[in-house]
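Lettered A, B, C and D in written order, each chain numbered from 1.
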Amino acid sequence: MIVILKSGASDQQIDHVIERIEALGLQAHLSRGTFRTIVGVIGDESKVSEDSLRSIPGIAQVIPVLPPYKLASLEAHPQRSVVDVSGVLVGGGNLGMIAGPCSVEEPERMDRLAKSARESGANLFRGGAYKPRTSPYAFQGLGVEGLKILKEAGHRYGLPVVTEVTDPRNVEIVSEYADMLQVGARNMQNFVLLTEVGKSSRPVLLKRGMSATIQDLLMSAEYILSQGNPNVVLCERGIKSFDPSTRNLFDVAAVPVLAGLTHLPVIVDPSHATGRPDLIPACALAGLAAGADGVHIEIHDEPEVAKSDGPQALLPEQYQELAGRMRKMAELLGKTISPPNPEVAA
Amino acid sequence: MIVILKSGASDQQIDHVIERIEALGLQAHLSRGTFRTIVGVIGDESKVSEDSLRSIPGIAQVIPVLPPYKLASLEAHPQRSVVDVSGVLVGGGNLGMIAGPCSVEEPERMDRLAKSARESGANLFRGGAYKPRTSPYAFQGLGVEGLKILKEAGHRYGLPVVTEVTDPRNVEIVSEYADMLQVGARNMQNFVLLTEVGKSSRPVLLKRGMSATIQDLLMSAEYILSQGNPNVVLCERGIKSFDPSTRNLFDVAAVPVLAGLTHLPVIVDPSHATGRPDLIPACALAGLAAGADGVHIEIHDEPEVAKSDGPQALLPEQYQELAGRMRKMAELLGKTISPPNPEVAA
Amino acid sequence: MIVILKSGASDQQIDHVIERIEALGLQAHLSRGTFRTIVGVIGDESKVSEDSLRSIPGIAQVIPVLPPYKLASLEAHPQRSVVDVSGVLVGGGNLGMIAGPCSVEEPERMDRLAKSARESGANLFRGGAYKPRTSPYAFQGLGVEGLKILKEAGHRYGLPVVTEVTDPRNVEIVSEYADMLQVGARNMQNFVLLTEVGKSSRPVLLKRGMSATIQDLLMSAEYILSQGNPNVVLCERGIKSFDPSTRNLFDVAAVPVLAGLTHLPVIVDPSHATGRPDLIPACALAGLAAGADGVHIEIHDEPEVAKSDGPQALLPEQYQELAGRMRKMAELLGKTISPPNPEVAA
Amino acid sequence: MIVILKSGASDQQIDHVIERIEALGLQAHLSRGTFRTIVGVIGDESKVSEDSLRSIPGIAQVIPVLPPYKLASLEAHPQRSVVDVSGVLVGGGNLGMIAGPCSVEEPERMDRLAKSARESGANLFRGGAYKPRTSPYAFQGLGVEGLKILKEAGHRYGLPVVTEVTDPRNVEIVSEYADMLQVGARNMQNFVLLTEVGKSSRPVLLKRGMSATIQDLLMSAEYILSQGNPNVVLCERGIKSFDPSTRNLFDVAAVPVLAGLTHLPVIVDPSHATGRPDLIPACALAGLAAGADGVHIEIHDEPEVAKSDGPQALLPEQYQELAGRMRKMAELLGKTISPPNPEVAA
């Protein structure tokens, strides 16, 4: 940690900073420049509270040198993680291809969609049974009934299933049915929920919040990891911006930025990032080209009657066409698409 | 609702749109322009799903005419709400002056801070017992013990207390001690939590999320209102922006924007909006000048040892000085600062 | 300047950094921490190129300690500047009250508007003769003819005039007629234009760009100051954000942030910041409460026929009402509204 | 154009709107809904001023139906443009591969860089002779001398040259030496400059401003096109965002968004978009995968001594490696890299 004092900081203030640092068993290294005095903290900076130093009068800036996440850090864990979702691998050269409708709907439709997802080449099936909707008047999901429908449909075709959990009280029941728990963008800093999914044995798909920095996202992953659950897959799904052309702004550079900071796999979700089916193929391919470990795409066979997010869904035939292009891209990049796992049906 | 068709939309597509609208018992009003065909929906547009129309091929845009919130809307409820927090009024010309430390700390300190807040002119006392921290390694709050300390300190000086609730499982216990429940910025779209506080009989302080639009904020208020809790106070506390000068960007214009859309009171929180004590006075006064129904400010007598957010706290003497200036501003604006309520001590 | 090396930086890389620093006649102060090595640069850091250090392999971060602007800096010039616009003072407790239409229009209207601005209490009159329009098909301004009309109307009522200059080739001609040159938001980083107005003897109103950080704004002011023109007034007029409620986002905290960094006066422009007449009064008062040295407001007596920006103009009677409230606010804050200068008519 | 009236708009206000529309020779189509009255404008909406309608009391919203750009619009010009830069094609399946240093430097270095760019597979060579620098104290470019050096180096290897023009007074001289004129991000709304390059016969590379919406960018292109210069290539180079991980935020979705709106070619600039050499390869490949018509990359053989932007330059060997990967990506996508043009040397 580096402490920069204000111009004109008194000797007393400088001494006070040094005392505080030394009181914590660390060393303070003083450097008097021509215009500013700087104090370097030598030792384990996680012992020092940045806020506490910042509160001392006479201090202009406190600059941490180490990232505040440890378990998520690539520097501390240089081996890239491969997350096993009931037999389907994500990360380390293996691509997770997640497809499915926004909400879980009636069993027949879910069966049709799972079948077509499988045939197109997806290896994970998604659908929301608990929906975080901006309007209290909108469809809120089928709940436990939806979990059952989802699992049956996905597993029938060998596809482990991913579904969102929104309530800490539901983590247990959702874990019974789901192969992977999703924490949605709006809950990325719902620390109570993160703590609960961190106690689950299910892998977690953690979506980036719409205004989360890369560091915020990694701190939220750290919450899950610190509870003992090492299986976290990060997901870039668009952030807030000023341009109304797309629902969110797809931050494709987040993929290589994260790859440089963490060992956790990173996938992209062009459906939510853009909110426009016509842009999904370009953004899906861009995500893979940028190094993503998978692609999450919403599909629906009758968008007009979808329970939610119909306008951003690809039709099964559109997904099939895109999946073919993604396979060729994967080949070019030397990545493998992990096969579905027929065993989950058992 | 207005539906704009794409240039070159077929008659069949137009007919399909009209059928869909009429099937819902509404009227469709067709208008063929030189370049585009437009369909107006006549009747109660809340019956039509915007998403469902948007999913129809050939449709370029769907423009809702009415706001998606009803209970929060000023148009539907032209009388401005006054929220009664255990005898202290917020809204309708009454200013809520909330002060207190970020986290609840030891009883002696809380007593000192409540006493000084009261003497300076605050009418509500705050402190967090459950802290949503970005790091899993940071202080997470004193829990129930903190709730007790907070209530005792505040009520001793006639100040109803405000505290954050972060877990739907805790709404009941927090409601036992708190006079007002705070939903924090990071939980503004935690719809499970909103639903729970909507069932509580305590008034709610709903903070705007860092990437929430004004409409998002009002939709979150609608969640609470739709559960039967009419006592919601909104709080502008800064949104994300590109300038690193301040922790967040204080959106002072949100105050008059909200005043034009909703009957709910709106207060400002310059502590979180700026993260810098040197900017708090200017922004607090600006908030009042813009028409805010109150000001939320964090104070601490020893920021260096604060359990959280020390660097952004005002010292009690700084708060006292600012409170004096706020009183004069209130006078100029013809606003009243509701007196504390000695009855809460009983 | 502080140089933080990457974990695992070689001794050779560290030596290279030190050599580079010493070659410039500065001292390097090495501090080997437990996890990172840090090099402090002692001496005049403006001699070192930040970019050049950043390009050295093994370097993680380069952190400048001093601001990159000098002439604009409050630290270097602790005396606040008062800018004299043909006899009307802005800064140091004196408020510049700028009013007028977006574009200069016909002489009779300009006369009416100048008269009413003067009667309401404005002390500077504005109007654009060269308009930077986003559409090439929109009204581009009356040019030199407009300059004449503006000057005549304003000076007749003792109001020095402010007008925008958009072309470096026009700085001279505009300076003949205008008492103050405005550099618009879209030209804030038009360094060619900044250099030209820096050579003019007229004071400059420099508007903040829609995506300019506070530091960007001060660097643009530095361009003007470094050419020898010390008379710069900064103007906050809204920045880009994700919320569509207002045209731009009014960054009222920029006022105290700037006051802590620069000696230059800072005014606010709620007309462009919000784009909505109904929000202008609240934001104008908020700006003053935050410490602004003046307020820039667009007025028009027939917004429907205005050549530009009609929908955001206040009517003269609305301005008059607001001006009365601003005067009371000024009194409360102990600020003076500099009187118009009848001498300009001569 | 669609006009939505406020709830409670009077008949008189509605009549006034209709009169205004009809006075312009257009038809007004009235639609009285249950909650709002809507007026559709039938005929050429470019005749109506949106601002003028918006200024009428009683109007809530004015929604244009057609884009405000015509010459740039894909709808009006469904044939995609191919821009010929002195024999090198950009657009319509042809990729422009632009490489070169940020600033033009000494002739020997420029020769080395042009040679290596050519050998790696670039087909256009870049370098700035007039540099828009945020600091007045930074290197401002070699001027005309730089133009000569750039042209000689590029043309020697058959590479047409691209260079920035920042001053309307320099368009002519820059056009003498450059094969393509660049308008930089900070000048994207310098309408005076756009008008001048619109009069030039040289093709123009128009970079997106850091806070420009897609529509803003197209309106700036419209300025150039409307002056008679049809040869505009758009460039996405990153926009402002809240995450400090990268210098700007690379908006890769802008590529397919633009492809849906305009016939003009679109390239990407990952050097400026990210500001980090480690991210350039991933973002360059992502840009191509998203459908870009070319990639602009800064290279330098000694970043430490570069006159500007050294830290974001790729080394020639890094560019060579990336160029190989970009060629394979181009093949996969069925795109052609236009060969250099040895004729320019003549």
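Everything that follows uses one rule, which is that a contact is a pair of C-beta atoms (placed from the backbone, for glycine too) under 8 Å apart; a residue touches a chain by one contact, two chains touch by 3 or more.
These numbers were taken from a predicted model, which means no experiment stands behind them.
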Neighbouring chains common to subunit A and subunit C, by label: B, D
Of B-D and A-D, the pair joined by more C-beta contact pairs is A-D
Round to the nearest whole Å and give the separation of the Cα centres of subunit A and subunit B. 27
Hey, how far is the Cα centre of subunit B from the one of subunit D, in Å? 40
Where the CA atoms of subunit A average out and where those of subunit D average out, how many Å apart are those spots? 32
Shared-interface residues of subunit B (touching two or more other chains) are 211, 239-242, 244
Spell out the residues on subunit D that touch subunit A in their complex, using ranges where they run on. 211, 213-215, 239-246, 249-257, 260, 273-274, 278-279, 282-283, 285-291, 328-329, 332
Spell out the residues on subunit A that touch subunit B in their complex, using ranges where they run on. 20, 46, 51-52, 54-56, 68, 132-137, 166-169, 186-187, 189-193, 195, 209-211, 216, 219-220, 222-223, 226-227, 239-240, 303-306, 308-311, 313
What does subunit D use to touch subunit B in their complex? 2, 4, 7, 29, 31-36, 38, 40-45, 63, 65-66, 75, 240-242, 244
